[in-house]
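Accompanying notes for the structure given below.
Order of writing sets the labels: A, B, C and D. Residues in every chain begin at 1.
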């Protein structure tokens, strides 16, 4: 949290628990980092990375529950929840499935229409968020490779993750400076984003953030919270 | 919900899930029933009726999480959460243990100082709620017998539950009209309460409520929400 | 259990817990009812009725875990586990998906090659069980309607469940006496089965079983455990 | 697992899941490490380190369930489950409470009377195991300090954990060579044990095991599986 401008905090369904959430919220507020809710499938065993066929009603209620649970901690300490970013398999499904994306977007809007909905740049989630009247943030990834349709290459596919810090920095600088990336097939594609995701469980995560900030500084590019 | 003035809604830790919570909140609001949060231990297997030795930090965070999760549904539909009543083994522990009661009361106050804390009439929870500055509601039970110290006779003790509707009505009318009950040893004790609990899982629950309302009507006594 | 010859006992992942499992096993053994394991997805909230995208490794391990947990209770009381029947969304997926069915069949075989695998009559699960060398039991349903491909009409489709006892009895007698059913489109189809499922949560379940047994008795047809 | 002779494998209630259990069992068998079941309270949030007030029936069933779930993996790969060691808060309660210890011991005996029950050296669990007719293994701890009654100093007390590798080695060599330790008050006490526990989550765990094995080698003392 010393290097990022926003964090996504898990809400207890795929990871996290109340005590961890309270501590993380307090730390983020002390460091002035913007806070987002990171709701996921109710699947601790699978860390929310396995698709689950929730009914529309169950999905909606699950979003409202998780987001409010986190929002409560933030507001209790005088802060404001800024954004919502679905996690894992739900994030991926909502990138491709407009109906699912719409249920999420509607739930977020019903909770607080000033919340920002974060989703994969160019995805159905961004479209659904705009359609419902939310401000959206198009997310790009430092350490993940893209398909030719600008979706994330699935984690179980070879080459899905950019393993080196250098490779990730290169992709980031290309996204920032020329709004483009090189997809998994080697073709250059236009990709416009508002936010870059660095995974907390990436082994090189901290090193990557530090080097990226240094690279941006050299180019006199500043980073801001959502 | 056609007969009661307040409901306590489980928040997903010992029972309930987001979809059930959303439906129950909507039903309560349609019927004009006052809504309270009913947080409990994280123990679905044991329905929150087994004591768990949570740290003070875990207990506090667990209360904030559950209460806000429910509060979110209520406010999303334009309502207001009125009260908080801990569930099961946590309710019992907080009746006797002032430290535990204080952590719960402080968490409730931190969320919203206008919330009413409901606890066993005459218990540590009522004292802790008053000490922290909350409005409190002293709860009495239609279908449970009392010890000589006016605690509930534990569920696994013989005679803990008043099995007949007539017995429950008699205890209620005695509490309401003469502020007294007959304890498990047969002695009459003073007991002042603000609310009477009818368990939703009591086999005669509905019949009991109807007959109690009829008995109150004959005495021209009215019931109001908290 | 006074009317059936076999029971499927949930193993704690979608329903059930150790205490319930131990009690149910003891009751089944006292009544001489044959016992089967009923493993499902790790989804208590959804009662195992929501598809989950488990990896092959997670699915295999999950089957071995649940089946052995139940088998342990049965053997501790001197009994023998007779069959395995996957539950809910997993049952449905394994009916259509040979890869999933094969992983389940292989796990069952690895635990004990004398176990019987129960699956939807004519489904991929039956084929996968036979391919791996297991004895199989083709299951039919008293209270569910069939598609033209002899799959179960999904629960969220209108007409999925036969609501009347008479309708269920009629379907059962047709299956037993002429190995045929009338599908949801009104066409008569051949359907051969070894077992008829009566859902424990069918509101008319007990009445249905009693009337079916009476109807079979009149036709001098006897029912046997697997 | 390259340095120890036995492992305790969590069974899914306080940690672990089926997939991790299957992998860990396979690794242990490949390396020839003796396998024990490590059942705990159903409390993933608290890692089984919070006491829970289970009924005797729930505790017994919970032990049978967890132990058989793990035993199934071991036997499927042709191995044999050697011992059972309760985890965390359950281990501590069973050290002091003979009734709880007896329920655990009886459950283990009912599953397989040749299983070894591992418990704190000199504790009620050892007595209960012997009383029921089980072989027992008295466990001592490399990195935990002892009270004057030879119980473990609770984790939330200062000085509970021996932080340095040197301190742990010293305590181990004292236990092995002179059957004694220095308790938290500085007094020397007799302590006889059959096994030494090294926590897998001790930051210096691997280093500690390696140095202990070297120290034992210099003294020509050999280590054997239970």
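One rule holds in what follows: a residue touches a chain if its C-beta (ideal position, glycine included) is under 8 Å from a C-beta of that chain, and two chains touch if they have at least 3 such contacts.
Predicted, not measured: the structure shown is a model, and the values here were computed from it.
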### Task
Using the contact definition stated above, find the chains touching both chain A and chain C.
B, D
#### Entry: Chain copies touching (chain C, chain D) - same or different residues, decided at half shared
same
### Angle of rotation relating chain A to chain D [CA atoms, steps of 5 degrees]
180
### Message
Contact counts by the stated rule: is the higher one at B-C or B-D?
### Response
B-D
### Summary
Expressed in whole Å, how far the mean CA point of chain B lies from that of chain D is 41
### Query
Listing for chain D: what residues touch at least two other chains?
17, 45, 55, 58
### Task
Can you check the complex and tell me which residues of chain C touch chain B?
17, 44-45
### Query
Contact residues on chain A for chain C in the complex?
42-43, 45-46, 50-55, 58, 89
#### Entry: Residues of chain B defined as touching chain A within the complex
12, 17-19, 21-22, 55, 57-58, 60-62, 64-69, 71-73, 76, 110-111
